[in-house]
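Would you mind keeping the following structure in view while I ask a few things?
Chain nomenclature is as follows: A, B and C, assigned in order of appearance, with residue numbering initiated at 1 for each chain independently.
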Amino acid sequence: MAGDGKIEKVSIIISKGSLEGIYPGLIMANGARAEGMEANLFFTFFGLDAIHRDRYEHIKLATVGNPGLHLPTWLGSVPGVSAAMTRYMARKMDRLDIPPIAEFVEMIADTGAGLYACQASVDLFGFARDDFIGQVKDVITVGEFYDLAAGGQIVFT
Amino acid sequence: MAGDGKIEKVSIIISKGSLEGIYPGLIMANGARAEGMEANLFFTFFGLDAIHRDRYEHIKLATVGNPGLHLPTWLGSVPGVSAAMTRYMARKMDRLDIPPIAEFVEMIADTGAGLYACQASVDLFGFARDDFIGQVKDVITVGEFYDLAAGGQIVFT
Amino acid sequence: MAGDGKIEKVSIIISKGSLEGIYPGLIMANGARAEGMEANLFFTFFGLDAIHRDRYEHIKLATVGNPGLHLPTWLGSVPGVSAAMTRYMARKMDRLDIPPIAEFVEMIADTGAGLYACQASVDLFGFARDDFIGQVKDVITVGEFYDLAAGGQIVFT
């Protein structure tokens, strides 16, 4: 941060694996790049799904435990409802030119944002470097993340 | 931020639509205003419910997916349990002089905090400007949010 | 923050009471101390369970409302499944030398991080000072938290 001037850098942590848990971080990173700021994305815990080759095209909406959806819990837990709601949300996003998660992640990397996976989480889930999409720059520790984030804002999502 | 001095501004993002997802951001904004800091609230995704005319008086507690509540999942999903737990929590909050969400949001706006709705989320849910309470200053983009937040702390809740 | 230099301080808010809601904040605090930064932990709402004498050894994974777990909702809500998944996760963490939550919290306090409970939440749940582990330095208000956090990064988890 340069005094009261503009924000120069945002480092966004994505820790959740649901559709509504991943989008906010992506939208904030994309918005930062559009404004010419430096943007880093750090994927940790279930957030790793958003950069996992076999998973990032299959991210689902959480249809229980989210009163904001205005769905009764019994309905949210009926098999197929999560998939149906996810498709419904995807169609609405598409109309707003917000791409599906897989495409959006790649697009954000193309704008020059840095994508990083959290070392401890990669070990925890037993993932290997090859499980992630090529756009991921590196697997880094929390300490390395703090170094990357210095001089900017940290946003945990 | 002025060196090691006090925090001068906080810009708080409210992204969840449950009672326990909305209160922390409101309490942090209220605390910031009480200390004389500038405070902005940016409502996005399901967090928009907290400023939606027809919804902000009906915010519910999430009674499943939250082990902190110490409720078994089967009980949390019984129809009516979420409403009962929400009333119980409301009574406890009332005894602590923490107002219900609708009243709290209005009170925080009265203290001079800025309330903003996220443009992309408004479009996503098909809301119009009139769906929100009058205290909302504007519907803004992520880029405009970063401009507002410059020189302070961003807190995503 | 000293210009573009290293981050000097992080103040991490832990607001959730589930295993996957508590670990990220602890890992970030621990990583900060390992890098020689000042680290404060502020426990609020359900996050208070992580410093509650009778509860911090019994923190459970949320097995519903988390598509990242790749468990069907009906299975996540079967009694015993949350406990079984929690044990499974604990074994994996142990192999990575990440201690169970109770031990991790104490270890982080030993490194010199400051542990604080949120006054409003303590009142809300009707807790007393004695309900918390001895490592908790103080019960403080949101205003006092902002004073503590000045000159550093605030991370809400």
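The working rule: a contact is a pair of C-beta atoms (placed from the backbone, for glycine too) under 8 Å apart; a residue touches a chain by one contact, two chains touch by 3 or more.
As the structure is a prediction and not an experimental result, all values here were calculated from the model.
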Degree value of the rotation bringing chain B onto chain C, based on Cα positions, nearest 5: 120
Copies chain C and chain A - interface residue numbers shared by over half, same or different: different
Centroid distance [mean C-alpha coordinates] between chain C and chain A, Å: 21
Multi-chain contact sites of chain C, meaning residues that touch two or more partners: 1, 62, 64-66, 77, 153, 156
In the complex, chain A residues that touch chain C: 1, 13, 15-19, 21, 44-47, 49, 59-66, 76-77, 79, 82, 120, 123-124, 126, 141-143, 145-147, 149-151, 153-154, 156
Of chain B, residues touching chain C in the complex: 1, 3-7, 10, 20, 23-24, 27-28, 30-32, 34-35, 37, 62, 64-69, 72-74, 77, 92-93, 96, 98, 153, 155-157
